[in-house]
């Protein structure tokens, strides 16, 4: 957590945005998170010993084959073979690779100990409607333990009509994660018909709420999207319907709502280099701990993917801090 | 997995189809699959010690009495008695017979040690609507262990609105299969109302997605149908709606999406001899590990079934390779 | 199983029906059923040591009070007291009495060791609609063991939209029955809205399918209804919609679909003596192992019930065979 | 139990011994034993439906190969093959055969349902010293249930310094037997160094005490030896050291001490025909429910064994009584 | 079991010994052993599909490093590396290799599916005194299942004062082996101070007793030593103390005591070629199913070990029989 004295009221203007002398907000210190020794051991490795280090996270996710189908691999056919992402994670010195049990069982044995593993524990296909989104378990915390993973991931669909089953399922996973000292990363996604009516899944209202839900339910790390302003914000409940926050302010607000859950920013669909790197800087300035970019990296040919990864490392070095 | 250098981009044309100098794609090597000793022991036996051997699989399924009802046995009334299929599997030297617990309990004791057993663990009748397809458990991995089975089978209905229950049920089966070192074969079937709207269960879109889902969820072997081109492909998500892949290319794409899950091709409804054997060759050329043909074999009179089985053995011999 | 050579093709005419020189089909031999010692011990007793013996079964069910309510006892008010059926089973030397846990707990202690017990493990009231029929557990296999029962009964509603819950529940019961060596009798009842649309629950299509499902799921004995021809058969899937099988042929087909599961014929609603006895003969000729008649027996006054039971014994004596 | 009014004080003279107009004492009625339905069902079958019936027990034990070693089979080498005893039990219509798990697993499947099984649950070799006799478990009540056994047997070494472990082990078996409704037969054997000092294992003191211990610990049936008078009786505690009971009186006293545990008399070493048959009559007169004779039967050649068995049946017929 | 008519009385002379027109006794047929489908499947593979086949067993044990220590590897230093024995088992086409969990976990993955595995489940060091021999568990049946083993091995020290702990531990292993359908091989070793006083562990008395104990406790296969005549036989209980059986007769007696447990002969310390091969022939003539020779094989240099293995295969071919 940022120090109380250093934290402006969440709804007030903050200093200028990225590239223009933006204020930098501190990240929560590991020692303040109430982590059990096991969670702390594993999280410290991801934050300091692998990847860019210095308390940051650079995570490569490859769960899109399940969530979206092979369609995401047309852009760069090499990426259809999970070995591509594993090689990228290894050569690009990522903090971890995040994926489902099948890709762990069949490929991780060749990278065990070289690329830290985040086992994603629930998922679904994108084929049926999103109206009642729910992501069933595909693996267990015990799977993660036996594979030597350093964290587990779980998608909560905040606002879905299926939240009753979701919260309960999450609670069981959280308890297992506690039992085994396994850090728990929540993919906090606003989703479902009610979210659509209240400004949509990219609205500050929805993302801000999702970040807080992750904190309340017990996330150690929360993965969020960068909020996007749109006309649909007018459908959000007050005062979100009239808030006029700049993107950086809005994201900073989300980071604050996440409290002592470390924040990872999603990459989303592939964008241009400049936009990508700006987004990273802004996120880190706002107090994020790192990024989890998939398509923006592995939809590139290998040489290009490694080049941009080197640039990301360079940025992360600016945000490095000693263990605290 | 095929070597990176040997793998053409999935959306590019591949060399000519079966019978016309088709290129042969390699199958994943057993040693690359990250298998535990138990899974490897059992799978190696199916691939090399029984059936045609040489790393191939020739499987005889007899679960149609449950899935379709006795209607499938009118064509060849002898086939109503499961002993018919057991005898065929034994005399025809199949790699394994695949069936549900009842047919295992009542008949397998007379073939124990002579015909390897794949115990199918879930199934359903074809009586209710397919809109929300879900296949409940009919047996357990422990049943398979105590019967001396060498693998278990599980049907995942990819895209069904019931995927939440299905994935969770599958995850439990997968964990038991891991615990006991039992290879897990996934019947990856696109199904449900959303699939019907996006090109149908025989579309490349649906089958390609299903193969990837099986890989991500933890299949060791995946059973898929050969995609069929139709006008309904126009309803598939881009770019599938405009892809113009020849059948062989399309199937090769599915095999690639399956990654390190070995691929078995379904037989489906009974077809003529030439078509059947062409399909087998094309499948094997594309990197499939084998076939699982039921009605196309046991709907024939015994003499004819054994004759075509001999022809299948002859084809498989062409694709035999040493243990790797 | 009947010998292949002795089995006519299922869709061909078979010799004349009962009373007219009907062909007699053999019953499956106990030694071919793959039974564990415990299942074999208990089943052998029911088939040979109690009741008419000689490998036949004469079972008295009294679960109608749960399934239909007390309405079934108006015909013969004495039958409302379960002692009536117990006394009938004892004096009439039935192979077993079949009922739910409550009637076992409260009455069986007075007949323990004198009337073999089949504990029915699931049931439901007839009050809600049948559209989604599902029969929840009312007892356990362990209940049956501790009571000294010789078999357990379970109703599967084949074709019901609730088959997912039903199959899984059945699978758990089946595994417990295996663990304890307890024979498992399946009440195989086609039921539900889809069955109604495809010819109805008394159609050959539905009953034939139900018999096969029981075999595939692991029944040791299957209780089926005698199929009834009606105009609704035209709604059954091909070729059932055009099959013109005589009643005896139709029932023989069902027995064949049951394979190595022994067949019990349900009595259904009360009918006249001649019709009843003809039905028994025809069933036994077709290869059934016995009958399970409730209302047709205990809706009669005691003297009459015992008289008809003696006639049943006389018929069963004709079908007696040595242990094989 | 004999009626209070009909029961003479235990230490008083009773009417004349066997062959001389001996008084006949009644056996406990099944209905007075407080048996659960499962125990009652199983015990009723052994007492009335198999063997000589009429409420008696004629049991063939074959656990001597474990307890004494193959030495007991020299007398009649055919008896080394357990099939010999099984065949004898079947042809001689014994109430049950009693043996350990190995002889059950390997042979019982060929006699399932034809020869009732008593599974002996503990045993030991005769090789080490008897001073601290203790008989560890060789099987479980659940083994007995799954095999279709009708009772279990357990040896308690009454008076052994190891009684602490023995009682506790027995208590666990007894609770399982209760849970599954399985009758529990106790081999009540005085044994150990302290017994030797107090008159020895054949003394009335020791056997009388053992019978009472079996009753107190929860035996449904107790197997005892016939007490033998000797000079060592003088070492027994008072008043046993001065009791001058005739053999019949002494045995009657043991039966009374067993209370509502039915009594089985051991055969012990092989003796002559007349002595054997006298012992049976005396035991039955004294209120025993039956006998458990091994070496006295199967150490004879088959023809002779069957002949003496027929004589035993004849005697048992004299003691037959209706179910009460 | 040998047919009664083919079996001479155990104490009578039998025809001449090996090489001199010895009578050949049959081995128990697989179909008579009451095996569950899982046990039958696995045992059938060892007996017919791997090794010399034809219903024989040629097993290579390498548990001496635990039982005796590295001392056994001085003779042939190459044998210190377990890969030596694995390679020998593979190249020499043994029916199976038998070893403890550590040698399985570290080496078997490179031979999975090529060399069948027998997992030894208990063991001890040879350092403390043998007076109270007891062999604690080193692995579990579930370990064996997950590794893909085809059988498990367990040492029973027959006659040891620790038999109480041993029998109970064995009973638990046996029940797990039953649950998982895993064949159970008993190393039946007479041991302990009482054995030493009654003729010693190599006496016919002790080995004959041990074989019977294995049968009674539930062994599927029993490993025994060939009895050795010595002056100490005089200390054995009667009639063993005066028996004058030739070696072949004595071993035949042991095989008969093992009943329906298949017999494996131990190799023991290294002997000359002629003696070794004579012992194999005599064992097989007497009805043994195979041999389990360790030091006699792997204490030889590789070329010599393979040469003698080829000679063993040649002998086994003479005893091959079809599946029955």
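As written, the chain order gives the labels A, B, C, D and E, with residue 1 at the start of each chain.
FYI, a contact is a pair of C-beta atoms (placed from the backbone, for glycine too) under 8 Å apart; a residue touches a chain by one contact, two chains touch by 3 or more.
Model, not experiment: these values are computed from the prediction.
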Task: Using the touch definition from the top, list the chains contacting both chain D and chain E.
output: C
Task: Give the fewest steps needed to get from chain A to chain C, where each step moves from one chain to a chain it touches.
output: 2
Query: Are the two sides of the chain C and chain D contact the same residues or different ones, given that same means over half of the numbers occur on both copies?
result: same
Query: Is the C-beta contact count larger for B-E or for A-B?
result: A-B
Message: Using only Cα atoms to place each chain's centre, name the chain farthest from chain D.
response: A
Message: Can you compute the centre-to-centre distance for chain A and chain E, using the mean CA position of each chain? Integer Å is fine.
response: 59
- prompt: Just curious, how far off is chain E from chain B if you go by their C-alpha centres, in Å?
  reply: 41
Message: Report the inter-centroid distance (CA atoms only) between chain A and chain B in whole Å.
response: 36
Task: Between chain C and chain E, tell me the centre distance in angstrom, where each centre is the average of that chain's C-alpha atoms.
output: 49
- prompt: What residues in chain E touch two or more of the other chains?
  reply: 34, 36-37
Query: Graph of touching chains, which shape: line, ring, star, complete, other?
result: other
Statement: Pairwise, the chains that touch are A-B, B-C, B-E, C-D, C-E, D-E
Message: Can you tell me which positions in chain C touch chain E when the two form their complex?
response: 34, 36-37
Query: Given the complex with chain B, which residues does chain A contribute to the contact?
result: 63, 65-66, 69-71, 73-74, 77-78, 80-84, 99-103, 105-110, 123-125, 127-129, 134-140, 142-143, 162, 165
- request: Would you tell me which residues of chain C are touching chain D in their complex?
  value: 36-45, 48-49, 104, 108-109, 112-114, 117, 142, 145-148, 179-181, 323
- prompt: Can you list the residues on chain C that touch chain B in the complex?
  reply: 1, 4, 7, 9-11, 32-34, 158-161, 163-168, 170-171, 174-175, 178, 190, 192-195, 198, 205, 208-209, 211-219, 237-240, 253, 256-257, 259-261
